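To keep things clear, I will list the structure first and then write my remarks on it.
The first chain written gets the first letter, and so on, giving A, B and C; residue counts start at 1 in each chain.
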Amino acid sequence: MIVSAAEDLSVFGTDPWWLVCVKAVFVFAFLMVFVLVSIVMERKVVAWMQRRVGPNRHGPWGLLQSLADGVKLMLKEDLIVKGSDKVVFLLAPVVAAIPAFMAFAVIPFGPADHQISIFGERTTMQLTDLPVGILYILATASVGIYGIVLAGWSSNSPYPLLGGLRSTAQMISYEIAMGLSFAAVFIYSGSMSTSEIVNSQDERWFAVLLPVSFIVYIIAMVGETNRAPFDLPEAEGELVGGFNTEYSSIKFAMFMLAEYVNMVTVSAVATTLFLGGWRAPWPISGVWEGANHGWWPMLWFTLKLQLLIFLFIWLRGTLPRMRYDQFMKLGWKVLIPVSMVWLLLVATVRALRNDGYDFQEITLYVAGGVFAVLLVSLLVDYLREKGDKEEEAARSLAPQEQFDPMAGGFPVPPLPGQTLPPVPRRKPRSERQLVPAAAESLNDTVSVDNTAVKETDGA
Amino acid sequence: MTETTVGIGGAAGSFGAGTGQGTDMVLNIGPQHPSTHGVLRLRLVLDGERIAAAEPIVGYMHRGAEKLFEARDYRQIIMLANRHDWLSAFSNELGVVLAVERMLGMEVPARAVWLRTLLAELNRVLNHLMFLGSYPLELGGITPIFYAFTEREELQRVMEEVSGGRMHYMFNRVGGLKDELPAGWTGRARTTVARVRSQMGRLDDLVLGNEIFRGRTRGVGRLDAGTVHAYGVSGPVARASGVDFDLRRDEPYLAYGELADVLRVVTRTEGDCLARFECLLDQVHNSLDLADACLERLAELPPGPVNQRLPKVLKAPEGHTYAWTENPLGLNGYYLVSRGEKTPWRLKLRSASYNNVQALVELLPGTLVSDMVAILGSLFFVVGDVDK
Amino acid sequence: MSDDAPRSEPSGTASGRRLPGRGLAKGLAVTLRTMTRRSVTDQYPDALPELPPRSRGVIGLFEENCTVCMLCARECPDWCIYIDSHKETVPATTPGGRERSRNVLDRFAIDFALCMYCGICIEVCPFDALFWSPEFEYAEEDILDLTHERDRLREWMWTVPVPPALDPAGEEPKEVAAARKAAERPDPPEQPGTEPGRPGGRGPRREGEA
């Protein structure tokens, strides 16, 4: 299976230089336009979800809003924090933005067999492809995070620092889950090149074939792009602006751009790897022969991309932010083990199938084994947590320092670790006699004496 | 506290900068921060993301309300009093007029009593909706606040129609209310209450049932009953910790005594952020029921005035009294000392948020910065009410 | 996240623990459903809000009614009303009569940058010279321009709406009661207005405004 990877890429790298330039510019323009539209769409969709109208002042239907925002941002004062590490501070937005664009070079917009012609030159709808295209994407994606980490570090300010640190941890834990979900795709497609992966999905999309990988990737891609509910590095309720707190003007715009370009890029990867890439969705491909030829694939690709962007927006409009440790827990304790087990399963099934075993038998053995392992791990986890709790309870029962509320002759609050003395309180409701309500109420509001007040303060 | 952290680069300066002792990071949350609702400042000492010590620093919004009270007559005090907790303006006014009426021995017409109860409950709903919306916002959910504000808008419309104000109603007067209701208002209030009730399910589905929300609030910021008593915490925050105390039931003022069968004091025992949120949500439902009950009673009452004729110069007789009410956020007390002048000699204000915020010192150490936001938001305070 | 204490789940999420992700799905469904609804926002500058007549937007001065008694300025909690006046002697109307002095308003200004919109001035005015108007669009670039002088305050009078009809369950206002009593008297000396003390022609003023 693996052998077939090297061969079919001969169609790439044969374009004349000007065509490469044209394609590169197109990819760049496509991304920019897509980002601008996505931003408007995000604001519109979120507004609808909140029963608002959304931007409607700039251009027809508010479509030029993000353009106007971009212009506005560039006209803002460009601040450089005094105590910052200036070189890194200036470099960080660039580091964040550029890799986001780079990953798109290997994304196929259409089939890899000279379907279209540009200025009389037959070519593919893809800038280039590599035998290790997906590894290249993984590499660029992780470089992009450096921009955020460096921004947080160089700002010399607590909030960005925390944001940067969170981003580091986020990158480390979610790259792994992401890579593992890719591995299952590699095993099935037998290739790491993007065009090959799309080619091998002509019968069934990998989202159907590898649902667990797909879900893991979807979660990981939201985590990777710092989008809600995983927008911890810039959590505005906690860290004000997170890593970009100290940024303004065009540098801030670069971060925003990077975020959205990243969103588009990871969505494109998801489309390519799991949703059949440029292939027409099922009912159309079944009915219409020409759907996967000529320029049409671009439409399907864009539609799928748009759908994933909508998913991002939808999540942002609905979900609150996760806590940092819960997020780590999800990554390390759920996504990575699940991916591992799933990968094991996929590999086993694949290997057994290659050896010609009966499919049902394989499924039975493998599933049984997997469930046993899962059960054991869950039990262990549960027992350990219980142990922790008991330990904690024992600790809290330990005798504590006596608290003197009048230490030094004046009332003081308890120090950490000191317990408060019991406070004399009124009796519980059930033990007290009921006040005849109807008689009391009206008179009480106007009664001159306040005996009623006294009555309640008894011990 | 004197662990050494070696840092190189831009952020190295943030560790213990300027203090000269220790290298823990000191983080000032506020006075300007998205989650402080104003100008509360929290001085946190952080160990990584974990909070080692927390100190709420209040007073950035101190307006000297108590001193100003001493130079205002009782009508003007209402104007000042409804501003310290701007989300429960009606209830704040109520405390002042109840105190003065008690000093004067004044009888308030029945219609006014029921109307005050009704408006106080609508005000409670308005206040709670604000926090039901803003709390998820602090946790990163951007949508619930718009749903909450849609309901708030409807209620505010009703309140504005009767009082002319959307926040600062200025509708209480010593001896009753400022004005008679506009014709047809009760019907509109009834439909609004029904509509708000019908929309409350959205918050259940969107926020309360959400696993992420529950994960962030359950077991976080657990406030035990002992601390509640020690710090004088009150209102929904105290009731979420199992302190079953509500002035509306335990010391009925206004018409609450007659509403005993409708009034349900919402309590929880867990004392965590989720319990506090649930308390608030349930209280909204109960307040809407109370409002309905008040509207029904209003319809049965015989025609009558809503206020008393007052003398040109209103002077409370010499003496003192303490009037406390169950404000939306907790106990709100006015200690009125009069020397027979037309202004009070002293009007001490006991505001709920001030005490509630103090509990942060107990709650925050040991939690994460993200938990800080969850806890801070779940204590439901208004900075104006803290600083007075 | 793993909490053992059973707690009262809201009715909607009773089975939330059985199926993880149910709460998330429900939330997503809520937002998706809401997306299809109409928005509730008013497009403010294009569509003006409908404000109730009692809405406290701006204070209008009906200066013809003002007798410069200074009550409003004295009762204002933050002293934002400025009044200047001088005395004028009115010659006797009948020969041999006494000449009278009367107060003439020179300046009446309200500083809306200070005003707390409590309405006490309107309440205390014994001659009904001050009125609330729901108008609110008078933001200024210079804070000094927020001090509205008497001509501007007089202009606001054109926007004062008719007060709303009162709830029939309430006691009728004393002015109405007095007027009714006067009307029911067997021999009315003259036809009293329905609202003595209020300036005539308050009603149709809204139409006068463009």
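Methods note: a residue touches a chain if its C-beta (ideal position, glycine included) is under 8 Å from a C-beta of that chain, and two chains touch if they have at least 3 such contacts.
Predicted model only: the values in this text are computed from it and were never measured.
A.B. asks: Graph of touching chains, which shape: line, ring, star, complete, other?
C.D. replies: Chain contacts: complete, every pair touches.
A.B. asks: Between A-C and A-B, flag the pair that has more C-beta pairs in contact.
C.D. replies: Here the pair linked by more C-beta pairs in contact is A-B.
A.B. asks: Can you figure out the chain closest to the middle, judged by Cα centres?
C.D. replies: Closest to the centre of all protein C-alpha atoms: chain B.
A.B. asks: Whole-Å distance, subunit B centre to subunit C centre, using C-alpha means?
C.D. replies: The mean C-alpha positions of subunit B and subunit C differ by 26 Å.
A.B. asks: Compute the distance, rounded to whole Å, between the mean C-alpha positions of subunit A and subunit C.
C.D. replies: Taking the average C-alpha coordinate of subunit A and of subunit C, the gap between them is 50 Å.
A.B. asks: How many Å are there between the centre of subunit A and the centre of subunit B, using C-alpha atoms for each centre?
C.D. replies: Result: the chain centres lie 36 Å from each other.
A.B. asks: Where does subunit A touch two or more other chains at once, residue-wise?
C.D. replies: 49-52, 317-319, 326
A.B. asks: Among the residues of subunit C, which are close enough to touch at least two other chains?
C.D. replies: 1, 24, 27, 30-31, 34, 40
A.B. asks: Of all the residues in subunit B, which ones touch at least 2 other chains?
C.D. replies: Within subunit B, residues 143, 147, 150, 206-207, 210, 212-213, 215 contact more than one other chain.
A.B. asks: Mind pulling up the subunit B residues that touch subunit A in the complex?
C.D. replies: 9-14, 25, 27, 33-35, 46, 49, 98, 101-108, 110, 113, 136-143, 146-147, 150, 206-207, 210, 212-213, 215-216, 226-227, 229-230, 244-245, 250-258, 260, 321-322, 324, 361, 365, 368-374
A.B. asks: Under the touch definition given earlier, write down the residues of subunit C that touch subunit A in their complex.
C.D. replies: 1-2, 24, 27-28, 30-32, 34-41, 43
A.B. asks: Name, in rising order, each residue of subunit A that touches subunit C in their complex.
C.D. replies: That would be residues 45, 47-53, 314-315, 317-319, 326, 382, 385 of subunit A.
A.B. asks: For the complex, which residues does subunit C have touching subunit B?
C.D. replies: Subunit C residues touching subunit B: 1, 3, 5, 7-13, 16, 20-24, 26-27, 29-31, 34, 40, 51-56, 75, 77, 116-120, 123, 132, 164-171, 173.
A.B. asks: Touching subunit B in the complex: which residues of subunit A?
C.D. replies: For this pair, the touching residues of subunit A are 46, 49-52, 83-85, 88-89, 152-162, 164-166, 228-229, 231-232, 235-240, 316-326, 413-414, 416, 419-420, 422-423, 425-426, 428-429, 435, 437-442, 444-448, 450, 452-453, 456.
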